[in-house]
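Pasting the structures here.
Two complexes, one shared chain (chain A), two partners (chain B, chain C).
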Partner chain A sequence: MTLLRRPGPWIGLLLVLLAATAPGWLGAYYLGVLSTAYYFGVFAMSWDLLFGFAGEVNFGPTFMIGTGAYAAGLMNNAGFGIPLCIAGGAAAAVVGGLILALPALRLRGPYFGLVTLVAVLLLLDCIVIFAGVTGGEIGMMVPSILSVSAVTNYWYAFGFLAISAVILFGLSRSSLGLILQATGQDRIGAAALGFNVTKHKLAAFCISALFSGVAGAMITFYEGIASVDTVVSLALTVQIVIAVVFGGRRTIVGAIIGGIFLILFNELLRPLGQLNSLVVSGIALVVIIFFPDGALGWMFHSRDES
Partner chain B sequence: MRGLQILIDGFAISSLYGIGALGFTLLFGVCGVLNLAHGGIILVAGLFGWWFASEYGIGPYGGAAIGILAGLIASYITYFLVVRPIQRSRAIPKSEEEIFVLTGTLLWGVMIQDGMDYLFSNNPVTMQPLLPGVINLFGVRTPRNELLIAGICWAVIGLLYLLVNHTRIGKQLLAAAINPRGLTLLGFQLSRIYLVVWTIYGLLAGLAGVLLASFFGVSSDNAGNLTASAFTIVILGGLGSVSGSLIAAYVVGYAETLTAYLLAPTLRPIPALLILILVLYIRPRGFLGRR
Partner chain C sequence: MMLATAPTLDVSGLTKRFGGLIAVKEIGFTIAPGEILGLIGPNGSGKSTVMKLIMGIERPDAGTVKLAGTDIAGWPTHRIARQGVGMVFQHSRPLPRQTVLENIKLALLPDSLFRLAAEPHVDHRAREIAERVGLGAVMHRRPPTLPFADLRRLEMAKALARNPKVVLVDEPFAGLTSGEVAVFSELIEGFRREGHAVLLVDHNVKSVAAMVDRVLAMYLGQRIAEGTAEEVMRDETVRRVYIGGKIEAHPRKELDNKGGEALLDVRGVDVFYGKARALQEVSLHVNTGEFVSVVGLNGAGKTTLFNAISGLVPFAGDIHWSGNSLNGRDPARIAREGIVQCPETRELFGDMSVRENLDLGGQHLPRAHREEQLNWLLDLFPILRERQHQQAVTLSGGEQQMLAIARALMMRPKLLILDEPTLGLAPVILEQLSNALGRLRETTPITVLLGEQNVTFALPHADRVYVLEHARVVWEGDPERFAAEMGAGYL
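And then the complex of A and B:
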């Protein structure tokens, strides 16, 4: 009951209601912006599961996103339908996630961070070297798209975000989330309590990769192109980091808020042109230094103290 | 003939890599900071050096001096505005400090890159050579600039060796790397030592930037790759080990040069990445890493 007296859940409900009725009162352009923001929110949530909960300094979320997107795109170019392509992209991303997870079982902190960074650089190099198939730096066009209608596209994105959020939030509050947190903070302690650290870690990577991959594949079919800039580049990684830190680590919901806020903010700062990303990174840096728990953490903390 | 050319080019490139990675490894060894804005600081030095050398006509040496100064200032800003606030913040638990320093310097690096992009655009620029002309070295036409750069690198490495092993401040640095607590108990101020390290770091990164601008040229797009190369070299050599980093710099430098000459220039970055993954699997602490 105390939950109902807090403003948090009510604000959340209001936001969900606003989002669910958005096609009624928003123009096609802003629906498009929001659709992108929703896919981005899924990227951020998947990353939060690994960074916030499992404590893995993963600089390679775009390795999984990119693998999913390009695998789906290649299958689509080979003549498969969209649902099959998304499934194929998801499978490829999970394989990618497992490849990333293998070093995570042996390496810690900065060492693992570097391996993930290298994985992304290798993927980038491969895309450029095999430009004949992948379109290189220009990007790979796909023959099919989700829909031409902005409203339909919005519903796809919103539905996908909602389903992912429910599943990931549930998982983070389940025993898996707790064990991952314990592992992230004290690996030996968690193992001594009898938890299979390896199994849980692999599970976290697979889940994160699954959602990243599906999101990558869907954004490919939403935009009609898989390009380095939208699904692989290091700039995207930085944006994911900013979104999660801004919204609040270890909350999943914070990642969505951070993600949507970031995309809207980018839209707002568009007149600044090149300086846009500088300002956004600067704000995120200030947030890191002064409010390391992000927006959600800050809200809850201030309430706990009062 | 080609073999000799690979040998000479590889030597110069590797020396430059060594200088680029040296500051990074020192910073980690003594202060425990992995600075992901490293590429950005190198960039600042290279671009400002180039700009002053070409716009104000103060010649390559004046430009180089300005560039190194710019690197030093960028290093101080990184320490005072990004790293130290994170280390001193009471809201950040000590166990997560490392993650926060990584994230904070990553963002700061992006800001530097965007700022440089805004000021100088992302066109690659090359500073005029410090020493023009070409000499014939055992039948290989070699730019004199290339030899000078390799020479400067080794002179600086030698100076650093003398500083660390044969001066009082150098011994304090070593002690801070091995046991910071013990050093504090002996009455030395850790913050002063950290400031010295950031100063040396800034000078080294600045020098690396200036030499890079004069050798290959720099572009604001390079920041991420520069950080990644330094990170790769340092991890390969073993975090915090200076001699390990130098060995790794030569492994990476020659691997890249060999690939560029014998296979294709586009494949240049790949062997270093593969070597890195292999080494991390077989020997995660690198060539000469401790712990």
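And then the complex of A and C:
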């Protein structure tokens, strides 16, 4: 019953209620912003699973997101329907995730991070080189879109976020999540307890890639275009990292909060023009320096001390 | 036991090379069910490598490790663990956000990707284990809020949970108080009673003597003695490795300037590493021109003491240097003021030449002084003159140590701190090093603070000696009195 006395779950419930009723009281423009924010939240959660739990400093989430988005887009252009394209994008992203995981099994820390960065740059190069089919820096238009209605699109995004959150949060709290954390924290210690570290890390990469890929594919069909800026650029990677650290790494839920907050804040500060990203970056910097465990981590901490 | 029980663990011909260095050479031993074997050796002797080879953390180059008849040598760690080898790590890294109970449950989980919820008996079993190791009262707390001894209990609990046939325990009593030592001894006895084979890995015989059935002593990767704790403690080779040969002392009578102000004055210093106590109320002083030795076994706190003096670890208490307090001063400034430490890890720039390493040490000296200092040092260590243009990493262990000392001397220290210069060196090299220190002491007015495990090496040059044991200074006096008063009880 202590659960009911904590503020966290109540605030969470309130936020979910607000989100579930949003189409009733929000205009189409802000529903659109929120839809983007929800997809972004899935990017952040997927990244948190790898970084927060498996302990892999992956600077290439957009390698998996981009692979998913572009694979889905290519398939759509080849005439396949949306559900099949999303499945194909997911499969391509998982393959991408496995490719990314290979160096992770050999390299540690900063070296692995560098390899993931290079992977993203390679993907960017490929997209530009094969501009004929990928649209290059302009982006690749897709013939199909999820819906023309902002409300329907909102429900797609919200539903996807909710399902992803339940699955990823559940996984993080399951035995698998526990073992992943152990492998992330101390590889040798985990192996000495009889856990096949390689197997678990590969699983983490696959799961992260699956959700990243589906999110990448869905945002493509939401926007009607797969573009380097929305699914591959390094700027997006930085935003994902900031969102997770901001919300609290190793919490999954924190990643959603951080992701939505970041997108909304960017939007609210749009009147500031160029200053907008400066302010957001400044706030992120302050949070990272003074609350390295993020918003949720900070709440956990204050509870431990009380 | 007259009945020959088949050994649980049977290691033979175990060998491991790291590049040109043979870290472990043809080590073999057996442990029967319910038997406790002590594996001892000073730092760098290869004992930890043996443990890692058994656990599969390193792959052996040769040899077999048979667990109840199955050769597990070279298997990946997780398979070795599933086969029945458990390890109690010295430094635990529990999951910080999970409770103690959840940390124990982790050890009880199967290695499966698809078993998402633990089976019901796991919770019950985890509680049982928590009670058994004495964590019952704190099982719902998170590890960061626990004292050091409880974290070690948690490590013990995780090993117990796996119910291994063989338990490897790394430095079982490091950082524990004597009361806690008793509790942990009892836990390890529990392993014995249940028929597990136990390997205790430690620096010295003394700390494990009360528990072990047999001891295997290692030095420079090789077996040097085996037998009961008493036999090994009496063994000539072991005594030579730990204490050295005959103890000699040459105190300089002319240095009896006890009325003078101490150059370095350490008063009541305490150091904690997280929750482990590394130094307790340590006081010592060094007068100008003195050669003071701090002797103590590995893990006694020598390096911690030197790091506190050099400003590398935070401490409680007072450290005064030429009358000024060093508390809270940054390490670079302390070094510039004349306290130069030559760390046990040597910290040479391996890719640079001998000459470049020395030049770096003399960076702040005016050019003329630098040349002069360099020539003096190359005279003091003639071998370095020959090797001037060689890469530091290609030097032998002894040469590297001389280079490390020479580089420290390039800084023209007022106080030179030498931390265990004999680490991992063969006896013949020790003599060369000892001669160099002798020349240094006779020909220069330098002040030296030497930390050593090897008493024979530390005593001949010392004017005064401190003995550090379990984080405390337990003896202080002239080197001549050491043999009579401390010699026997040191090991």
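Everything below uses one rule, namely that the second predicted complex is superposed on the first by the 306 of 306 C-alpha atoms of A that agree within 3 Å, B and C clash if a C-alpha of one lies under 4 Å from a C-alpha of the other, contacts with A are read in each partner's own complex, and residues count from 1 in each chain.
In this text, contacts are C-beta pairs under 8 Å (C-beta built on N, C-alpha and C of every residue); 3 or more make two chains touch, one makes a residue touch a chain.
Bear in mind that the values here come from a model prediction, so they are computed numbers and not experimental data.
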Subject >> Clash or fit, chain B versus chain C on superposed chain A >> reply: clash
Original post:
What is the contact status of A:87 with respect to chain B (first) and chain C (second): first, second, both, or neither?
Top reply: neither
Original post:
Of the partners chain B and chain C, which touch A:250 in the superposed model: first, second, both, neither?
Top reply: second
Original post:
Touching A:185, do we find chain B (first), chain C (second), both, or neither?
Top reply: both
**OP:** Could you say whether A:274 touches chain B, chain C, both of them, or neither, answering first, second, both or neither?
**Re:** first
**OP:** In the overlay, answer first, second, both or neither for which of chain B and chain C A:196 touches.
**Re:** second
**OP:** Go through the superposed model and pick first if A:111 touches only chain B, second if only chain C, both, or neither.
**Re:** first
Original post:
Which one hits more chain A residues, chain B or chain C?
Top reply: B
**OP:** Based on the superposed arrangement, let me know which partner A:175 touches: chain B (first), chain C (second), both, or neither?
**Re:** second
Subject >> Stretch in clash, chain C with chain B, out of 134-142, 206-214, 314-322 or 332-340 >> reply: 332-340
Subject >> Footprint overlap on chain A, comparing chain B with chain C >> reply: 185
**OP:** State the interface residues of chain A toward chain B in the complex, per the touch definition above.
**Re:** 51, 55, 57, 59, 103, 106-107, 109-111, 113-115, 117-118, 121-122, 125, 128-129, 185, 234-235, 238, 241-242, 245, 274-275, 277-278, 281-282, 284-285, 288-293
Original post:
Within the complex, which stretch of chain B touches chain A?
Top reply: 34, 82, 85-86, 89, 91-92, 95-96, 98-100, 102-104, 106-108, 110-111, 114-115, 117-118, 224-225, 228, 231-232, 235, 239, 266-267, 269-270, 273, 276-277, 280-281, 284
Original post:
Which bits of chain A are touching chain C when the two form their complex?
Top reply: 170-171, 174-176, 178-179, 181-182, 185-186, 188-197, 199-200, 203, 250, 300, 304
Original post:
For the complex, which residues does chain C have touching chain A?
Top reply: 55-57, 76-78, 81-82, 86-87, 89, 92-93, 95, 97-98, 102, 105-107, 109, 111-113, 115-118, 142, 144-145, 158, 162
